[in-house]
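What follows is a single structure, written as structure tokens, with notes after it.
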């Protein structure tokens, strides 16, 4: 228990081993965590059902597998994002049951299959190029204990395909929309539903799309009021924030 | 009842007044709303407790007051944003009980004081220049039926002031953070809590802040995973989306 | 007749007054227009039904009225764009029948009411802020002899309103779409029809809309193949190019 | 026939098998396409002479060949754009008569050689670097049933070469101009003719040309009113829109 | 004394009024500042000779004068930056001896004339347009207790004027260089001296200077290794940081 | 004679009044200009026929007139650029013969009417909005002793108007081209002539012209090799550099 | 002789074989060059001493060597820029005496060693990274018949190195300055001399140098009036324009 | 002794070998350094303890080793930055004791282990991606004779980790903060301490981080007044400037 040092300090004062003034002085030199302050942060980590998360890039395959193994000891789900095939192989060698998600560039280890989300998260992607971001969001939302549905290929230039899915739209509690090009889809979706819509601009596109900036600007300027935006290609962030919204009781 | 035209069509077929083929043909020429499709949209508007919203800029004071009056007839709360002093006076002349919110550049008429939100929305602003956006978010969240708390003046260069408010942080169900300059506050807040954080970049700043772009980029690149972003100075959008998150059951 | 100098030259050669070599030499010193080359340009100006066009900004009201009067002598329709109220008054003083179009910031004089367009031009605007550009396009298309229809207030966040106008969509030969914010409307419209769509980004919007750049980028990245783009707020250009498309036989 | 479900519904009402109220209810749960609404979209696809189009990037050669084959069954022309040599080989293995267009990075299968265009489409390119975009436009326009002419190497710094082609200019019904560098050519061409000019900025250039942005800005700011713009390197889009303009009766 | 609450807590434990466990619990609910943590921040404010600083914009003249008066009670120097003439008058009415610095847009009240800086701060400005920023830096450095020298009008296009001041250059302990246009002066100065150079890009310039961005980029890319940069027009920041460098013992 | 101090130093050494070592020491403390080094700079100022130049903005009318008067004493021509009407009046009050150039926003005093240029400088402007820059270039070139010709209104969308002036083109020794919008004119001109072309981007334009950036980029990317560029609206710089080129013997 | 067709036309008129009217008609259908108009362009190419120029990128080695050979037949100097080692080898195989300039990425064939320039061209480069651009300028200026001098490694952060070369500075008739990073060198040089300075921004630099944009902006905003700018890394353009300035008589 | 030429000149005058006038003339043709002027620059190089510095990129391994060897003869410490593994091997072959710093991409040779810094330099890095820049700063500061401490992994989204290091914070005399993403860390650190903070934006990040621009803007807009900024990834510059600040007596 992290408050042990604190308690010990009070005990010493009580038993007269140190004066109050001395105690105040010592208290100030205790490591920060002993002050119990860290629990502002830890109480988040301790919440049930939160996975352990590893960001893949820049880590040696062996090193990543090592971190993966260490975190797996905590008994929670583990998610590594943006992993290379080499990193996947290194993890697989140690965890036969770890699942590789190729399109999502992720690898997961499922220890806890409880559903923590109160409703369903719907993920919509406009074109084939948006699928990696959408899948990253999907894998993230699943490992965080949500029921997830993915609707593909419903770009704004074929609006009837989106309208045909109105049942999926009306049944979701949170919606993630991944779109590149002009980034118009979140506005259209936002106008059709009354729940929070999280927009992911994808770096798909040609010419003046500027690796997702056109989509990002389009989404920030959405005329639908229920749309918020995450960074370009940040499917993980969208899945994460959708999950914590979906957990709200 | 909007399905009336549809029903009438079926009745005519039933009574043999028109053939099935003719009915298919006619159905395609019915106004769109008669198809019952619009309810995808309307079911949002019909949800209890949603206010009527008017965007002020570009509207004549008289014209705005007129729209305000017409919407007020629906019996719901009314919110007009980005209103000029002239527009406020025009509304006040017709609705003595309408409340003007100077800092928020808004005017509201409260008809329904029910609290629809499940928890508390916390609004944090970094500096005095961020207050207009924060107040716009606050007025929006209140008129939409939420308990709201506003914590002022807790910029990242004086981090102890933020930490001193940890009680407010831990009691919120959704948090809105308004910040200009480097836009760092949402990351710090996001790291301290486990609930959704909505970041509002404000156009406050000098030199290379570019009317909020520096803040916007800072927020999009947040290293906290529970942060999403709305457009620069879009306090209304933040208040709106926080409200619909806070209503989720 | 502009070829007079040329003909005279040939006559002189014929009559032996100058040698062929001398003629070649002289020909090279004739003013350019005498070479008949200018008709590449003039044959455009001479096409029936093309109006005289004046760009208002930077011209003294009196000076503009003077140019207006001089052009009016040609007997064709006259259109002055981006005119100030002072410029309008100056023209009105000389031409009682000149029509002022306030929203479009234009003034016209109609001499020729022939319809030159083969079909109907449809102009769609997303929000109230897009109306000035839409009206400029409308006035331009009308003075150039087209049947024009204007559909208002059909933004992408209320897609059913657009779908409700499908008859107007299917009856147009050319469509102009004016939109600010995320600039998504032209893509949606382009996906619904098979005719050319001309997109006008409008400088309406807040925060990161950057006076129309977000809309411009959105339109350039449209996923509908029948969309081309003109400059921000260039309603005149859209009306002009729609007219020449609509004249094609 | 797509209205079958609808008709069946009316028949059931007629025969008293279901009530009108029930019919209204069921109608709302029919798949979207059954509502006949999709024909807003399909009537475009059904227009004679429109090719099937595949966008190459991101598709496995085998997968692309598979899609190509499936679409070829419809009996229309097929066009795959931005294809890699591997994709070309995969298609060629299945369709010996498919034509590879190396410069245009495209492969086509011609089933229908009818000319649908009313006039000639002229494609002008400024430098050798602009040829890939120009060829993409050319292949697109040809497979869509147009007579096409391509004029090469007529940059603005050698204006006499353009003027020497005035016959080609005056005989075109629609003109596509591909240019990198300063993007000035469309303005010059636009000033010489009275028909629609579609400008394609190409990503050719050095230093401050920024992969086509300088050209794009130049074209958007064209002082010729008959110029519209497509995205950088979007030769396909230019060819497509030129084709639908050229089909207008 | 701020540790009073803490001490009291220990005393209560000592006297057996509360248990150790209870004490740990209470400690966590003490206001943050009572934890003594705030002194990380306060120990800066308490350092001798630091002035009280007020940022003028957005404050009512009366309100600013009020804040000014309240801070003046602390007995330290007071500096208000970016003040309007109205704000100056409001302060002057209460403090006859407050000094207005028109060019620097600042007002100061000097209570403590001690020199805290170890050496001289040299401020160099390139053109007349750079003087406001330079003066803001100068006033800031003076009120913070430094000996300051200002060298005017030594732009890089007249390099002999700078070289003529080499004595001033070699006698400075810290140098501030304010420059607009191409922002080259800090590099030249940095190459001539061995002390820290703080570069202030100024928003002076025409055409493609973009309100100081050209200068900012020039300074960031300086080929002299002893140059660091502050924000555009941030003369105050430069004066502040130069002062704390100059205080280092 | 500026070397006087130096000579005196040598004389003192010669006469044995000071030692050589002392002389070396003193030499290093002579003001920079006395070292004769300044003549690198001054020999430019001393070249015959160079005018005195004053940059107007930011100077009080009275102060500007004062500087004007002081410089006028040197007996050379005087040029003040970017002057306001108030500044013009202040100068006029002291110099009845000073000439105000309204369009060029300049005022000049001619003392020396010698023609120093070896040939003619041609100034070409595309539209009426480019005239202020062109006139500034013209006034600058004239006051620096050049024969100057100005050709108006020859934009690239009416290329025949430029070609009609080929005589003017072939007779110029240096050409200045002012153009806004797409900035294409310098390329066309550069391709027609063999002399240096100086391009001035003007801040004229609408929408995505960005106050001259589109024109600037267009000019930097010119495909004509004899084109160099000055800053946006820097007509003075173009006139200046054209003059020094035209003086080269 | 290009006027042959013209002369023939006059002869036919003279001999009465065709009427004057017919001749006017025919004249308009003659190829453009026959009209003698092309000489506006050709008279540049015909000026003595101008080299043949080939732009390397995008050309097959064999194809480039072919073009090189064809142009070499004209008897003038030949310059190929931006050539790859393969292209160099292909040319060398056909022209043993062709000179490869590795740093300049160029290959030349010298047929005419006449000096056409009236004075000396000085090329200054700031750092080692600027040398490729400087060498390209040098090779271009040499092959165009100029006496050229190159001064290396005189960046602004070591200003004494530049000042030490004042003899070279004062002896040049035209100066080219290549600089990356902050692009300050041309301003310093421009302030030291009275001749035209052509600035070449180089794409050298790190961080926020943006491949030469920082340098480009710095140069455009130069406070020296005798500086003009070419595109980033356009050493060829600088060498070319310096040459035509240096030829002016 | 560098003044030798000067002294000799005075001696000659003294001995009557040359006249004073002649001496003035000769003085002007002495190489710049002989004028003693260079010592403005050299006195920096001569300061004790400054290392020799080599910038690696673009240098052949052999050539770099050669320069390294030559500089090593001066007896001072040697630092080569941004070196490739090949360059490291080439240096190692000649200097067995040279130390390679892989993460910092640097190689050093330590000759002088004196501590010149007056206090400790603290280097803080936010994430693992910021370590290369931090290590470059560290190696630079060490080779320049400073006591250095490096605190890793204290990003703003886990603020307690930073607060836990408050002892390190309060003991530093200068602080370097390396951060990518939103660049918020320097503001937080700046608010906690009273010493100069040098911010290094790192090019780490995804989506809209733009290779460090988001971080750079965030740092320039820091709300802490003791923060200055160096270029993106310029760890060397930060280490250098921190060192010269730390040497100030």
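For reference, chains read A, B, C, D, E, F, G and H in written order, and residue numbers begin at 1 within each chain.
Here, a contact is a pair of C-beta atoms (placed from the backbone, for glycine too) under 8 Å apart; a residue touches a chain by one contact, two chains touch by 3 or more.
Values in this document were obtained by computation on a predicted structure and should not be read as measured data.
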From chain F, the most remote chain by mean C-alpha position: A
Far-end chain from chain C, centres as C-alpha averages: H
Contact-richer chain pair [C-G vs E-H]: E-H
Distance between the centres, which are taken as Cα means, of chain H and chain D, whole angstrom: 56
Separation of chain B from chain C, taking each centre as the mean of its C-alpha atoms, in whole Å: 39
Residue numbers of chain D (touch at least two other chains): 37, 40-41, 158, 163, 166, 191-192, 206-209, 213, 216, 220-222, 231-232
For the chain E and chain H complex, residues of the former touching the latter: 37, 40-41, 43-44, 47, 53, 118-119, 163, 166, 169-170, 173-174, 191-196, 198, 216, 220-222, 225-232, 236-237, 240-241, 244-246, 248-249
Contact footprint of chain G on chain C as seen in their complex: 3, 6-7, 10-11, 13-14, 16, 20-21, 23-24, 27-28, 35-36
In the complex with chain C, residue positions of chain A that touch it: 126-127, 155-159, 163, 180-184, 187-188, 190-192, 205-210, 213-215, 217-224
